[in-house]
């Protein structure tokens, strides 16, 4: 049995539940998926500020996962917050959903475009494309400018996102669409129908990648950068993070 | 049921059988793995010449796979020969073992080194690292200078390869080792023990990636570059390739 | 006397004859130009599939050229198929027409745009620009979407291509136009008149580059990657390729 | 009067005091320098985990600075933690010490090498060099493997660091040395004497850059990525970060 | 006291005077700014030809500055002509205004666009962005096609430049505007008002950077590339340049 | 008849004569080669200072060439000084010897190393490799630290250079050697014998490239960056450069 823990770094529990459902729909028999939100932090992540402050809660969940014997982790926010720190804590693999989506995209096409929520997050998407090696494959990052929490509240959101994806394929001449928010996970089928190209949701992609790495016996390398952090005293509000 | 066809583009059948065994060992229940060699081409691939001439047989196997209802393909030679052409023919995903190994490596570490067979193939490994976006993550490509077919014939090969991997980790300060030949697949466990870092064999990595893409419902994008090739008359020895 | 063999990797003999004429028009006195098509393979090259299957015939012609004492080779298809493998077989220099055109373009301007045939081949043009080091100089790749064999059959083709070139110069603000198909060789003068910028046809550019390399006494380096391939047994349809 | 607030993101107050002294020594008349540590977080920063958990305290100090009318900020840890989030909160400029040191280095030489504390942080230094555009100028990152808090406790540290710098200049053939830790600030003069090249301490460099940007009337751009974060509810331990 | 010498490499003395005024307006108390034009060379710099021929006069001014005890230099032409040669002659720091503007831009935003004079100089701006490491941050280079000397003669120039800047921010979605000519220095405030983003004039930015480097005790590295030139005999018109 | 003018930008006439001899040895029948030195400037070029001051004389020779009906130009110094400015003045093609050597090197191998004179010029060689797109192909730049004018005076120079080339091939595992100084032109044959790889002298390579471009009817593009410079008044010592 493989235990995958998906951490939605925001505290929007309906979104966390939906993320869990999407992941379970693709997981293999024998894979148990747990989807959680941290007990602290922002209700949605729409800025560097939110992203930075989502990380302490995320790390708490990784540390708990280690005690629970979790085999691998998914970070279910398209900014992949705290990925490096999470890898230091985790024994098994940790994969971010932006990372997973971009990896998957380049396996089924030559190029992709990202459709994301707010314009202000486009820079982060490009940063990640550069970091993971996919800047040349990324043809564009497009924002629908719908706040994260409105994606499932606003009945027009699905249509707006779908139309933006159709437009992106046309303008960027890309082969694949990457959905740039965990909250868009269940738009994938509709967008694929409308665009006629493969559409990647990072939550499901990351779930399968983590499951694969576990099946391959591959864990986060503990040589060098991702070695367990050196013990350290923490103070104040964060004193419980002493490691 | 998912049917994955692994094509070893050379005609060394013992190697093909071993590749099949390695892949089956990691495949999920419900995945059927077929491992084949083409009926034409080189007995091993150690030059651009060999690689180019391995492609017609590979494409014949892809075309046959399409008639057989194959869900996805692995190209089991570290040069990933014929990858683009195979993707044009295939409905499902096609993944090369160098591609798969490099993707997996960057998910469990910040950097990797490749240990390959002949020095003359190092340039090809670098070309692929550049193409897939992993040139910055690739710290080195090292050749053991053992011919492909001697990897399992020569009793000293395993030890030579293992020592070279230990050396590469030390010199390159990399986090992960990538084995640069399908014929090294069953050295992975031993190399991992000796180096203390994750060791990636592309055959198993590619098998899991293809299985994952199929589970995600992702197929090769048919928009643009990987669309089905336009019909064309072929002549002479290759007239059967008329499409 | 210098003997340059131009291999048109498709089997369209009228195109081969035209390629030979263009090359001879620029060759120095003392240079003998032979233009051939292989006896096997696709009638035109418009996909990765076609390109891969053009290579065996091309390599047969290189091998024959070595027996004939050829001094240098041109590969006359804008995808530069089989270039690395051809260099392994050849003693003298081997130059592809995309390679030659891009080299020449950067010697007479700061930037160039490519005008090619089918949209699906644009990715290949970009791949080559990256490989040769000219990605920053390449401002755009534009497709006229006229099939290769219609370039000389369709009376409107010349006008369509010319207008597309004019448009590319305007939109991309480039200094030079590169014609992206051997079948466009005799459009060069007209396109130059209409655009007012240097227009490069790769066939003539490659012919002069090969002639120059031969005059300089420069042959393909046999150290490392382009050394003669190791001997190998080939089987089935390709058994004659045993080296 | 210009008020610059230097935030040492760790809680080692002796180090904070020393940072303040170094900064004041180079500040112009009319510049007031405040050096602080957050009231929460790690006592030193030696991992991605430490770095991520230093950010909440850092952001608290930026928010306080905004209320205090601070003109500009320095983030005094060589990983430049929280830089993007800090820029979202700040009206004035925010500069990290790695960023400042690399900028300064490329103004007085063609290349630089970084000498840092623990080997595990070398990857972060390279990441920053890439992000800021200085990867080509950065010739090497070398670790002395002395923990941050031992830099001023261990009497041999100064000598070890100096020798490593001399060695780096020799091996990397670089023009400039960058000291890769705020705790090395007062080694700069000695290292310059021994190496004969300019030696950059990021704390002083960042102080002067912030002072310069303020004098130029330049503030963090609020168009796009660094606009004030959208208001958001925070919960649990971090509820005070509600913005 | 710090003595900064600003060399306007053209011979337009009104422009030199204006440059001096702009620089003095931002210099710290205790900084003396001298602004000069060479006694030889072009009246304005609008081509590579002009730029190359501005360098001898510039170098004469650097050599004179060394005799005068100048602490640091600004090269006040956006092509940064003669920067490397000037650094060889100078003991103190030498900063070009394109260099300074691009450095400053990336400290207050994630991206910038350049607004310059003639279209033909756009390539030079891009070359400098590449050289300094800011090619990824540079979103566009836009020409107003107003000759340098008309910037202050033509009453419409200010409005044309401002509108082009507004347009560039909109189209390029950049965070910051860089003014691409020393002759635009006093348009900065108006452009900032109209665009709502930070606007960088290289003259003032360079003045503060040089002042900062001097305050930090940083001089041009004399190890390697910027060492004093080896003595050499010069002949003809340039015999006075014998070093 | 094709007239190629080779400009050795230094004033060492023996070197100019030798350059002319080398070029004539490879020129086609029907090509007339003139080799000249300017009437002003440095006796050898070993610094950015020398290089900058070699340009006025070079441009005088280009301007004279235009009056003389020259078809194309070679700039015979490995720093390719004044290349952009020369292209603005010239109607026909202008090629630098570093540029030519690097182009030729990548046509006969996958990688090259440069062997140059003084260490201080290595940075310039790397700059040019970047500019021309060959940074990835350039494996190393090695200095023999023999002054330019000693190359033919010092009887040991030939041996020192040859040994350094042998060493470079071994250490860099490169396929090709590029000689990094016009004064090394007649060492090429010996170095090729000793290293066993193709050895490129830029003077002969550039001569053939220019000859080829002329034969192809290709001239410097006058669209955009290389258009004729706008007329301008020059003053002082350089008043004769008024254009």
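As written, the chains take the letters A, B, C, D, E and F, and residue 1 is the first residue of each chain.
Simple rule for what comes next: contacts are C-beta pairs under 8 Å (C-beta built on N, C-alpha and C of every residue); 3 or more make two chains touch, one makes a residue touch a chain.
According to UniProt, the chain labels map to these proteins: A, B, C, D, E, F = Hydantoin racemase.
None of these values were measured; they are calculated from a predicted model.
A repeat of the D-E interface exists among A-D, C-F or B-C. It is C-F, with more than half of its contact pairs matching by residue number.
Chain centre most remote from that of chain F: A (centre = mean of CA atoms).
The geometric centre of chain A is 44 Å away from that of chain E, both derived from CA atoms. Chain A and chain B, compared by their mean Cα positions, are separated by 28 Å. Under the contact definition stated at the top, the residues of chain A that touch 2 or more other chains are 110, 123, 130, 136, 224-225.
Across the complex, chain E meets chain D through its residues 26, 28-30, 93, 95, 99, 103-104, 106-110, 132-137, 169, 173, 175-176, 196-198, 200, 204-205, 208-209, 211-213, 215-216, 218-226. Within the complex formed with chain C, the residues of chain B that make contact are 11, 38-44, 46-53, 55-57, 59, 82, 84-85, 87-89, 118-120, 122-124, 127, 130-131, 147, 224-225, 227, 229-230, 232-239, 241, 243.
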